[in-house]
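First comes the structure, then the notes that go with it.
All chains are identified by letter, namely A, B, C and D, in their written order; residue positions are counted from 1 within each chain.
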Amino acid sequence: MKDQLFAYVLRLADDAAILGQRLGEWCGHAPTLEEDIGLANIGLDYIGQARALYTYAGEIEGKGRDEDQLCFLRHEREFSNCLLVEQPNGDFAETIAREFFFAAFMLPFWTRLKASRDETLAAIAAKAEKEAAYHLRHSAEWVIRLGDGTGESHERMQDAVEALWIYTGELFEVDDTLATLIADGIAVDPEPIRTEWRETVARVLSEATLAIPEEGYAQTGGRSGIHTEHFGHLLSEMQYMQRAYPGLKW
Amino acid sequence: MKDQLFAYVLRLADDAAILGQRLGEWCGHAPTLEEDIGLANIGLDYIGQARALYTYAGEIEGKGRDEDQLCFLRHEREFSNCLLVEQPNGDFAETIAREFFFAAFMLPFWTRLKASRDETLAAIAAKAEKEAAYHLRHSAEWVIRLGDGTGESHERMQDAVEALWIYTGELFEVDDTLATLIADGIAVDPEPIRTEWRETVARVLSEATLAIPEEGYAQTGGRSGIHTEHFGHLLSEMQYMQRAYPGLKW
Amino acid sequence: AEREAAFQGRIDAEEKIEPNDWMPEAYRKTLVRQISQHAHSEIVGMLPEGNWITRAPTLKRKAALLAKVQDEGGHGLYLYSAAETLGVSREELTEQLLSGKAKYSSIFNYPTLTWADIGAIGWLVDGAAIMNQIPLCRCSFGPYSRAMIRICKEESFHQRQGYELLLTMCRSSEEQKAMVQDALNRWWWPSLMMFGPSDKDSLHSAQSMAWKIKRFTNDELRQKFVDATVPQAHFLGLTIPDEDLKLNEETGHWEYGEIDWSEFARVLKGDGPCNRQRMKARRKAHAEGGWVREAALAYAEKRAARRAAKSAAA
Amino acid sequence: AEREAAFQGRIDAEEKIEPNDWMPEAYRKTLVRQISQHAHSEIVGMLPEGNWITRAPTLKRKAALLAKVQDEGGHGLYLYSAAETLGVSREELTEQLLSGKAKYSSIFNYPTLTWADIGAIGWLVDGAAIMNQIPLCRCSFGPYSRAMIRICKEESFHQRQGYELLLTMCRSSEEQKAMVQDALNRWWWPSLMMFGPSDKDSLHSAQSMAWKIKRFTNDELRQKFVDATVPQAHFLGLTIPDEDLKLNEETGHWEYGEIDWSEFARVLKGDGPCNRQRMKARRKAHAEGGWVREAALAYAEKRAARRAAKSAAA
């Protein structure tokens, strides 16, 4: 149980840390000043979530690892974030599509996790739920604006939706670790979220005049540390300081 | 003297290692298959030079550091390559301009270094001279082809020449370290190379129908470890494995 | 001339000038130039620090840095808004920045090479900015003065945060302390240059003083900064990279060596270590974001048209 | 029909068919498909390994990897040339690759996640390729056969190099040995799939055998590979990720478990872990290189025109 809980909290932490890292890459380079601020804001939410979750994971593990050791001193194959969050920022449409697909899942996810038997997770969820509501609103508005904007923005937004679609199925994956914790009332069963997620996606894409991709193969692997080739490069940058100067206080 | 020689060999090694690293980034992404092979070839020459030079630097230092410790375990401020070689690949024109400016200096440089009182350096120079002759021919041909190709290629090549011009002056910089070694007949005095370099550049740019930039401010700092902001990112990628897995054999 | 006198009278009485009030054209121009330059500095200033967001050594520092850079974006927004009350649009101002017509603070043309630079920027650059900005909280132009009050509060938080970062490093290891010293060596003189040319060479100053846009001379502010900063450096155990620096026991001021004004002029002219990269980054962001801004505009127009059609039908 | 019989007679006599010789259209088509697929595989195959050039752990390994990937580019060149002797241009073939019409080896749709993957590709992927290619050195079509002789020599060097890399890691530390085991776990089954569908499901095979384009069946080659590789894995101290693997003492062959052909079909269809990224990378390189290729062409034409003008004037 402890092992599963540790793995579960780590997944959530990795999701948040990696997406926060990606959003941090935008800083100073966004299409408008408002979005520079907006994307940084969302990035900050994720980093905050990552900190709380890593800290809790470290407590569960009980080996004295803190948030930074878990974030900066694990190897690629030990990271268990989903593949969606590690995808490169691409153009603004891709960043928005990634955010939208993820937030459309995370909002109902956190809402349900508030009822977890694990009180720490429930408390983290209560805070994260509010943040996810904003992330979903922000990204959905942009999906609509870009989808129903100009010819070029429509095409880019459609391309982005299609490029990332293959990574959305992993959000609903249930493996043994998760099944055990669901049975125990600790983790959220993602299956019932599927309908809600599909409805959100359908509603927003349709308002955006975008075609909804067909159900297809769901690329997975992230939860067991099999990432896309982008991930190693992200890690080499993110972890560089802790790797180059081990064991120091910053 | 030993300190100066160590610093000098390290500069040459860093130049080669960093330019080799940059050229390696192209692999699989060049504009033609022939250039994929050609740029890799040149990259290999630089990595070979870096290996010989780092190994020799380690011997001079006498602290048991080998080529890999010198390349992968020094910090940004300790790297003494010139700023030119660390500039990003940019488009193909920028890569070619960087190569051309550098090779137009290095060919006469190695020719002169063959006469160094330091036999190891002289031996390295003899081999590197042949390589530099090819690098110069390859890049000069492309400068001409792109400069005198289409309107777009002309403009890109001109932009590249202008963007990198500010980093060419550093090649001729003489500081105390260098002055001592020049006086001793070990290092090459870059000053006399200036005329030859200018002639090469003028001849090739003019055949390429490109304008020669005016003499302007020469950005320096690389030799004392003050790099451009691109450099830290290059390093975090290049050194990641040795940083993340210290002290292992590969 | 009568209006001018009345205007000056209001200034002398420390009244705030508001956007709809009459003002001399030169006053408006001076303010537009200064406020927009300040706004541009905030925007360009996001880049050197932004360079380290992806490499911050801890999550806490990453969050603090991201928040700080975000604050700078926010300052840019307030300031562009303040400038807009004077009748210039953000688009115009952005165009001036990207074309190279408008200036921004030269300090942002220096590179961030190590993590200690992030602390040094907070401590020295924000520290110098605050010295410049505190008197601006009492600036005669209302919107600017109010923007500055808000900005100063945040900047002073950033400055303390930067100093604390360096303190942590200096106390953690000799290696890190050396990094901090190196950062101080590189940022000290450029920070002093942030106050602008020496009084004897400074343009615009007298008129700006009369208009209460400026309340202290460049050299006065620079001295304040040096006096405040030297003891802080000593507390960190660092050496200021100035052999001529010494405390004048009589005046109580720290006297500093000659500033290299040729470097100042060169960087201002465009040949600093990062001028090209900064402009390239801003232009790239602007160019690559073009389709997004167009789409947002197109969508807003479509929506407005739909609403109009609806209400016409109703 | 008479020509066909004469052609088959030459083949049966182990004569080489050369580009200018008559050949059945189906023979030509089969060869173009096979050679171009092979060429495309070399080109796409540069990407997974290229992913580690900038991160190789030592300079020696960096040079070896770069040289290896360069060799693959070279193989691509020979093979495109061999295909060109059959009347299809490199541009056409590239177009087929980029449009998704032509296939390449599915193995390159798997990601390289750790440095051990670089060794595993050399050992397993090049090892499997050699098994496929050695018989092709005796292929009935001359240019292909000669290209394969050269390629096989280099591939076998790469294979030894890959194995040596893994050996070094396995002997250096337990941590690295675990990385190697992990790489084997991920690359083993895809490597077995490189030999193509099981004989009972394999198209084209009988005719290719008759034409001596192919000399062994997929399953025969796969078995050779398994027999050669299993002892090598054991020498490294690794476990093959196949619970059903066992040595049949009578036949001397290693019997292996059921291959997941649904995975094979899926990756072939386009839903492998990296199909999209590989095509995107190739398309991007091609698109971004467009202006360079145009310029080279324009320049060559200008120069030719100048020369013609000169010789006309002379």
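FYI, a residue touches a chain if its C-beta (ideal position, glycine included) is under 8 Å from a C-beta of that chain, and two chains touch if they have at least 3 such contacts.
If you're wondering where the values come from, they're calculated on a predicted model, not measured in any experiment.
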*Identify the chain pair with more contacting C-beta pairs: B-D or A-D.*
B-D
*Between subunit C and subunit D, tell me the centre distance in angstrom, where each centre is the average of that chain's C-alpha atoms.*
57
*asked:* I'd like to verify one number: the distance from the centre of subunit B to the centre of subunit C, where each centre is the average of its C-alpha atoms, in whole angstrom.
replied: 37
*By residue number and range, which residues of subunit D touch two or more other chains?*
55
*Would you please write down the residue numbers of subunit A that are in contact with two or more other chains?*
75, 236-237, 240
*Using the contact definition from the top, classify how the chains connect: line, ring, star, complete or other.*
other
*What chain pairs are in touch here?*
A-B, A-C, A-D, B-C, B-D
*asked:* Per the contact definition, I'd like the list of subunit D residues that touch subunit B in the complex.
replied: 43, 46-47, 50, 53-63, 66-67, 69-70, 73-74, 76-77, 80, 115, 165, 168-169, 171-173, 175-176, 281, 284-285, 288-296, 298-299, 302
_Applying the document's contact rule, which stretches of subunit C touch subunit B when the two form their complex?_
48, 51, 55, 111-114, 182, 186, 266, 271, 273-274, 276-277
*Touching residues (chain side subunit A, partner subunit B) in the complex*: 75, 233, 235-237, 239-240, 243-244, 246
*Show which residues of subunit A lie in contact with subunit C when the two form their complex.*
17, 20-21, 24-25, 27-37, 40-41, 43-44, 47-48, 50-51, 54, 67-68, 71-72, 91-92, 144-146, 148-150, 152-153, 156, 237-238, 240-242, 245, 248-250
*In their shared complex, at which residues does subunit A touch subunit D?*
75-77, 163, 166, 216-217, 219, 221, 226-229, 231-232, 236
